[in-house]
Amino acid sequence: MSSATEALRDHACLIVHGPDRPGIVAAVSALVARHGGNIVSLDQYSDDPTGGDFFQRLVLHRPDLAGARAELEADLEATLAPLELSWRLTDRSVPKRMAILASTADHCLLDLLWRHRRGELPVTVPMVISNHTVAADDVASFGIRFEHVPTADVPRPEAEARILELLDGQVDFVVLARYMQILSADFLARVGVPVINIHHSFLPAFVGASPYRRAKERGVKLIGATAHYVTEDLDEGPIIEQDVVRVSHADSAADLQRRGADVERAVLSRAVLWHAEDRVIRSGNHCIVF
Amino acid sequence: MSSATEALRDHACLIVHGPDRPGIVAAVSALVARHGGNIVSLDQYSDDPTGGDFFQRLVLHRPDLAGARAELEADLEATLAPLELSWRLTDRSVPKRMAILASTADHCLLDLLWRHRRGELPVTVPMVISNHTVAADDVASFGIRFEHVPTADVPRPEAEARILELLDGQVDFVVLARYMQILSADFLARVGVPVINIHHSFLPAFVGASPYRRAKERGVKLIGATAHYVTEDLDEGPIIEQDVVRVSHADSAADLQRRGADVERAVLSRAVLWHAEDRVIRSGNHCIVF
Amino acid sequence: MSSATEALRDHACLIVHGPDRPGIVAAVSALVARHGGNIVSLDQYSDDPTGGDFFQRLVLHRPDLAGARAELEADLEATLAPLELSWRLTDRSVPKRMAILASTADHCLLDLLWRHRRGELPVTVPMVISNHTVAADDVASFGIRFEHVPTADVPRPEAEARILELLDGQVDFVVLARYMQILSADFLARVGVPVINIHHSFLPAFVGASPYRRAKERGVKLIGATAHYVTEDLDEGPIIEQDVVRVSHADSAADLQRRGADVERAVLSRAVLWHAEDRVIRSGNHCIVF
Amino acid sequence: MSSATEALRDHACLIVHGPDRPGIVAAVSALVARHGGNIVSLDQYSDDPTGGDFFQRLVLHRPDLAGARAELEADLEATLAPLELSWRLTDRSVPKRMAILASTADHCLLDLLWRHRRGELPVTVPMVISNHTVAADDVASFGIRFEHVPTADVPRPEAEARILELLDGQVDFVVLARYMQILSADFLARVGVPVINIHHSFLPAFVGASPYRRAKERGVKLIGATAHYVTEDLDEGPIIEQDVVRVSHADSAADLQRRGADVERAVLSRAVLWHAEDRVIRSGNHCIVF
């Protein structure tokens, strides 16, 4: 257990989500108090005070969290279910398991692995899967398992089946670090964990392929990147984070690609951090980010 | 009462600040609930979970707030004083009264008056005081009282006494919109309300006079502005907001001044908005901004 | 003649544009030298060194520019026409004449008028035309002519004819400061001067109506504004400038509109400045901005 | 020769710097033309049109540059020396040789090595020198020579002498990638090539040690980084590039350090790129960056 993880010992993150009504914060904070917990931080948002949705992220500290957890969860269910609120409780000292899918471009992949090694991301990385072998040595140098699942000249269902087999039960979420392959609806249904993608444009501008070339053609003055959860509708999933960088007429399409790469890795690393820290709550096609 | 103010009817903002300990959020939210209030938003921060300071901003809705206020306040005092917590409760439908002190440069002054007229700032403006008359007509065109208090060839105590006389009991805070006069410690002690200043540099860089000229001499690539509460120590008060803009070698000192003016008015308007909405809590020489 | 204009006395701006080939810079700078001019600044760009387009903006100083101008222009034509290069020479001490078309929202209109009064924009403002009267007093307080051309319950050709009549021969360019009316292809053909529009989104995201509402619906993390030349294809004209500001899930559609207004006026004022200083060269559907 | 370098074959960069006077651009561009060169790009700046300094960066293409170079240089000297202008001509297809000095923090070091491997930086890296061995394996995995020169318990002159011995004749510039050791005036005098440092604050704010801790204490809302040429006066050398990132009261000193690291590597990589492309001209304590 690293020192960073040690600092999170006996800390839990509680997410509560559902129809807003008076008294939720009071009910939840009283519940935490009666189980001997102390609220370390609390964020709360209501998209409409009358008849809207309520979102809450609460971090609590409770000595011997493991021992108290069963009772705490039973009380949460008894208290929140009648209010039609859904909830989940995660132990902050247990890092989420993240698989990375990559292709030939390595900037997002290496940035995530390097941040992980520095202790910036509260995750473990059980494996990196790529449809090319070019990153194999780099991944190995980080001491991480590398799996090659080719996609060229392979029927998509076959490649996807192999990936599902590798992921099965091993990961809590998947990151597409410029994977460049479209995943089928069937894959998304079967993978069973959230999948985060980085799209190399400021969505909804330049939905689809070749966004840098099209940005150059349209003469935009800013280019960007978008991290989002993957859904069946390509490039339409809930947005977690976006950012942009200024460009000019003098930048070639290759310049845009190079400069965009910096934005891509920055945006993706923030989205991964926030997801790993349970800061992102999906609601319809939106994300609440606390 | 404007429609914006109407939307805030029966809403109160509660600020709580003091030594952190378990159970504060639970105690406060239970208190709100037992007085029939609903928590609309809640922000909370502890600068050190063990032995640090606790800060909370809570917005609550309570039908007939005016009728319930006395009991609510009595309960707050009874509940929070034993915990050594200080608190204040403000009625969000009552705008704060803001005096503006200005000099010859009009960009910050006019930006505040224009935002006020658009309904962007929940304040009233009882008066603008200037040591020059150049802005008199503009201020009048906004329907706002203009007072001329000269400072040239006038002993500072005399000018300050006149300003104190004008402000006495009329305002809840004062904004120095590029006032360019140093206020005495005696003035600050006697004015009795917070004073916000806009400094035309990214403090602590270029403390003191002529920051744009010195920025040009140092060859910096970004210039900025800083809004802070005024204290006896010039340019050392708690920072509310800062921002910067990119410049280049090709920008003259006059260009820096022109481009800096845009940052100044943007930073000052945000600081004023946040102060007016009770989002800023001073703690020593820092500001917590929720 | 203001002191700012005085500083530009005897300065000319030369724009050269056409097919790239070796020796253009040498030919032009030799031409300037043999007419007794000194090159004050020179920007040059080629979109493809082999067979691409060449763009140049050159500022020169020539004592008694007025006296030398005819010969200079004759030499430019004799030198550049054989190279298939188009060119234009403008006297920098002669400000461009800018008409502003506005509607009910005043933030872009007032920002341009303020900047003009502060001497930030090298333009004159012969008139403001609005389809509403709400801004009449404000415009008058700047000492600028206000013309009301209603569009409600008026056939568009009739309103446009009235506007063309007002503009005829009076202006060098037109700014749509949130005018909110679509101008016909016929109007654009007949107006005979460039028309600059501010669109309240980061184009090409949210082309069309209600961009802030749609940005809210899509859950984007940045909103923006785009200044562009108006063409027949709505929201598709060459982009001059863009910028964005960060927003969050907690911002309502009204918040987006308020915060977007700040970006709109900043972006529009930069586009107007650059156009007025002859820094923008249109090429197809792109803008080169020097 | 890589394809990127291949694209720069027969391209030269010419820097001209000295007292401004009429006709310099014409003289230089005519000179390029009479040697059969084509001007690919030209940037030029004068800090004061009357009696100021003139700066020019010109990229030219000349088939068989190597064959023409001697004559070109002789003509440059003959033409520019009488005008008291200094100049330098570099072959763009020859990458500059960059040594990196590092310590324990690896973020700036690895970012430079990645970008170098991706072909983003037109440099070779003859060696990395560190006073710790922690980065040895990473550097080796890039196929780059690693030299360990300890500084703990070693007299500074001894360590510096060892570094000078390693660098002697091998490099065109040196980058301090968070080296964290102060280099003596004697070292700087003897190293004979430019030295670029990354300082972890927005200079001149927080000159000296522990800028993140002091930024936290002062309660600033933005933290930054500054890349500058190293001079005898610590943290006072000419600034090449700066940038900032927004922080809040909720960020701990460790958070500032983590978030600052991203700004540091971004700022340093831009400064290195611009230096390697001969875009930076030093003038007194300033940098002109084209």
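Going by the order they are written in, the chains are A, B, C and D; count residues from 1 in each one.
In this section, a residue touches a chain if its C-beta (ideal position, glycine included) is under 8 Å from a C-beta of that chain, and two chains touch if they have at least 3 such contacts.
Please read these numbers as outputs of a predicted model, since none were measured by experiment.
For the touching copies chain A and chain B, the fraction of interface residue numbers used by both exceeds half; the interface is of the same-residue type.
Across the two candidate interfaces, C-D and A-C, the one carrying more C-beta contacts is A-C. Distance between chain C and chain D, defined via averaged C-alpha coordinates, is recorded as 37 Å. Taking each chain's centre as the average of its CA atoms, chain A and chain C sit 42 Å apart. Residue positions 45 of chain D each touch two or more of the other chains.
Contact residues of chain C toward chain B in the complex are 107, 110, 114, 118, 120, 137-138, 141, 258, 262, 266. Across the complex, chain C is touched by residues 45, 47, 202-206, 218-222, 224, 238-239, 241-244, 248-250, 285-289 of chain A. The touching residues of chain D, when paired with chain C in their complex, are 22-26, 29-30, 32-33, 37-46, 49, 61.
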